[in-house]
């Protein structure tokens, strides 16, 4: 398995080396980063390393979507409401200029203090949140704005009203809208990429993960509670289903890893933002070179190919 | 213990449907009537006393719906790999082998072409008895191939869902079956073909959050649980008493999430009617 | 004014006479009908005649949408729900075969007895109803089904929840969806065409009115209450704003009048359905001859031209 | 009297906004402060004590928003006809003549091109003082022309709404301005241009049910009434006490129907920012 990942990365490295559209400084940074990723994959992460990623992904000082927006976007304008029922603060959306380009952005948003956490529902969106996301995706499509999504949620909210308002259908339809878009799309998992609530906004041309983010079908605790019948076995569960970025890259689920400041993104929001911004801009630069007619077909083919058969 | 906000946000769970108290599988959990196998089969596995809909295995479902002898199975040889070398209390490989022996199926979905009242269609039928109908790489792949077969033949795809959600043992690759099947539906729709989605008990988690919700028409069987999060998870998270009909088909109809609840005896004629309407693509 | 209408009708008569696609029996019926319409317009309806139309349009034995569906559609399948909040019984939607063609249908639905009237909210839809309509329009678009709409509402429901759920926006967006459709669309006012709640589903290629239907910017009572400061002056109001089919045809707001059985549609639901079915089928036959690329542009041009300037 | 279900379902009404008790127009209806004209103008017609937003006439609004001297009016010569020969307590023709004399406007909307902080755009600004800002054939036509000018120049259209709804005196033709303006927005959007819709007090009835709701971005002024049916009609129909903030911009924000409430001093910079974002079509 590591061999496939190695081949993918080496392939990407060689492509990058020969590419002159990437700007000088960033290109060398990119090369450096990919080489580091390669080293890391060659040395398979230990169970402890995986668990430390889970903790970093959930670190309470970790930058959230709006921390990045504030640092990366000029002329940011937040858009509110689903035009039907409400405005879900667990998912923010808006438009702004990213390196001179008008970009639409959709991202989960956790709260920093107790009051905001509750207001943001710990980043767990209701269907209303996903409907706001779809609405803003359609604005992006109409005006040809590239779409960036930032994923950071323990999962879509599991509540009575959320079910009554159609949580499952909203997540399905949000993915369907992303599968239909003709504009370039880049998703980045910036913290917790929890299950359906995450993938709802992650059906993108390029899917990135920050170095210490996690992306998983279920939370380690949920998995432990079900498969081990003991939520305390969460470290064992995490080790078993490997939600870390290196493994997601290996499995072909993501297209690249965005480096974080030493010690994790919470150590310097500014530096984390700089690195994320560069990765997003590079990804959009690359996608700009794909003929528009091919973009969507490629995106669908990429997801069509996911999975491993015997 | 971990905080509630951590545990309970997970959406995938095997136990979504409250399992009927473990009586004999032919004893009606609602009214207690007991049936012989052949009696129950003759009644399409619906309780003749109270109308309870018993689970239907994939091959039996195909028998109930397709014109006799019309079903031609596809991709029967696909089997799951074990990309994570997953081992919880037991090895995933072992669970797979056991499920195959118990059900005679390669995975939780059977696909193929058929006719229903002479209307041609592609069928994709899930089987809850294969690891809780969970969706892993094989189910996702079979669904995608069913979409492609339907598109190639220019005929609608009929799906019957019965699933607890994504298959945890395949980790993130199981989650990726959501966008994978969503992309397949988009391609199907672009080819001009319809998706008719029937939700049997239960259709939860990743199924409801992917292809099962994307049908042009959504039908549900009476009493089917259709929820993204299972009742247990919701009760734990919200610490509220749930409504009696939480997540059931009847509640979903009331809240606008399905087009109709169809009793099993009417399912074949209803699908035939929809195939006549959507058939000429 | 009557001259313009005459010219339009004569023009249509001469076109029809030379048209061999219309089936024999129906063609002569059509000619007969248009001649009768012409006679009627030449004799401008009196105030009493206008008021009697208002009463007929509201007649409690008048056929409603599902009465027509039952008589005209084969393999009818009703679609339910807006996939977000609920299923509004004041507006029904579904698909069925109309003379062999799969057609999507959206229509207001009033109730016949007290219980059903309340359940159907007197044909006054919530935003949920219009969202169901839009959903079904999109199914029609996806599969290339022509869309028929039957309008029969005193107006969209004016309630607190309806406002909170976005009544105005839903009506605007429902029209926008109809302006965007590439499939042929035919609307028919079959009873009361009350204001925004009516036009929400009436932005169609061909807009028809039954002989005794009314179509208006406000109810006669509402108009009287505001302009005359006395709701009792409703007959005066109706005479002033002329909601009857003949005047709507004159003003270029509708494209044709569908005859009713003598005495009104309530006299024979079967005959009323036969006449409506023939008119819908004819309208779709005509629209089938319009090149697909032109259809939408023509529809927009038609509405673009509505209004009278000094 | 007629039944409630008949009277109250009508959506168009001139009196939608509860008119402030008829004090001097420069007396704040909220806090009672009184201002000279020049004071109020200098404060953009916002009460300097309590923040109440006074109505702004179309030409004054353009002055507040557009770069000085940049506005070039279009279609100023359009005038309403009287297709129904409408006469209620007075003749429509008379009402029109009177409104023109009182406001100096040809109808309830002024359109033209301008720049805002040097960003080019088309403006369509309504004036409530012309027959309650009601939308008849001229307003609909001007709006459609504004869309066409914007599309031709490849620049966004900014609308400022202030209207009680459709103009009853033009009967069904007034209602037809809803689909007419909706079609115009669709054409504008297809040309790649944006619609930025600002809702001032009041934006009700046919305005909310047509172009005003179709902006790519929806902004509202604080305290603006934005409802399809007016509070009086709703109260009559439902016989319920209405919430205190019924239909107000603040309630609409909470229920997800607008993107932002923008205080008037921030309106020009906010529009400039949006024009920078949407401007390069």
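Letters A, B, C and D mark the chains as written, and numbering starts fresh at 1 in each.
Simple rule for what comes next: a residue touches a chain if its C-beta (ideal position, glycine included) is under 8 Å from a C-beta of that chain, and two chains touch if they have at least 3 such contacts.
Bear in mind that the values here come from a model prediction, so they are computed numbers and not experimental data.
Colleague: Report back the single chain whose CA centre is most distant from the CA centre of subunit C.
Modeller: A
Colleague: As a quick test, compute the distance in whole Å between the mean CA positions of subunit A and subunit B.
Modeller: Averaging C-alpha atoms per chain gives centres 29 Å apart.
Colleague: Distance-wise, how many Å sit between the C-alpha centres of subunit B and subunit D, to the nearest whole number?
Modeller: 51
Colleague: Which integer distance in Å separates the CA centroid of subunit A from that of subunit C?
Modeller: Their C-alpha centroids are separated by 48 Å.
Colleague: Residues of subunit C touching 2+ other chains?
Modeller: 83-85, 165-166, 169, 173
Colleague: Can you list the subunit B residues in contact with two or more other chains?
Modeller: 255-257
Colleague: Can you list every touching chain pair?
Modeller: Going through each pair of chains, those in contact are A-B, A-C, A-D, B-C, C-D.
Colleague: What residues of subunit C sit close enough to touch subunit B in their complex?
Modeller: Those in contact with subunit B are residues 75, 77-87, 95-97, 102, 128, 132, 139, 142-144.
Colleague: Would you mind writing out the residues of subunit A in touch with subunit C in their complex?
Modeller: 83-85, 127, 131, 165-166, 169, 173
Colleague: Can you tell me which positions in subunit B touch subunit A when the two form their complex?
Modeller: Touching subunit A: residues 1-2, 5-15, 78-81, 83-84, 86-89, 136-138, 140-141, 144, 166, 168-180, 182-187, 204-206, 208-214, 226-229, 233-234, 237-238, 240, 242-243, 246-247, 251, 255-257 of subunit B.
Colleague: Flag every residue of subunit D that touches subunit A in the complex, lowest number first.
Modeller: Its residues touching subunit A are 189, 192, 194, 216-217, 253-260, 270, 273-274, 276-278, 280-281.
Colleague: Under the stated contact criterion, what part of subunit A meets subunit B in this complex?
Modeller: Residues in contact with subunit B: 1, 122, 124, 154-160, 162-169, 171-173, 175-176, 179-180, 194-200, 202-203, 215-219, 221-223, 225-229, 231-232, 234, 237, 240-243, 247-248, 251, 253, 299-300, 303-304, 306-310.
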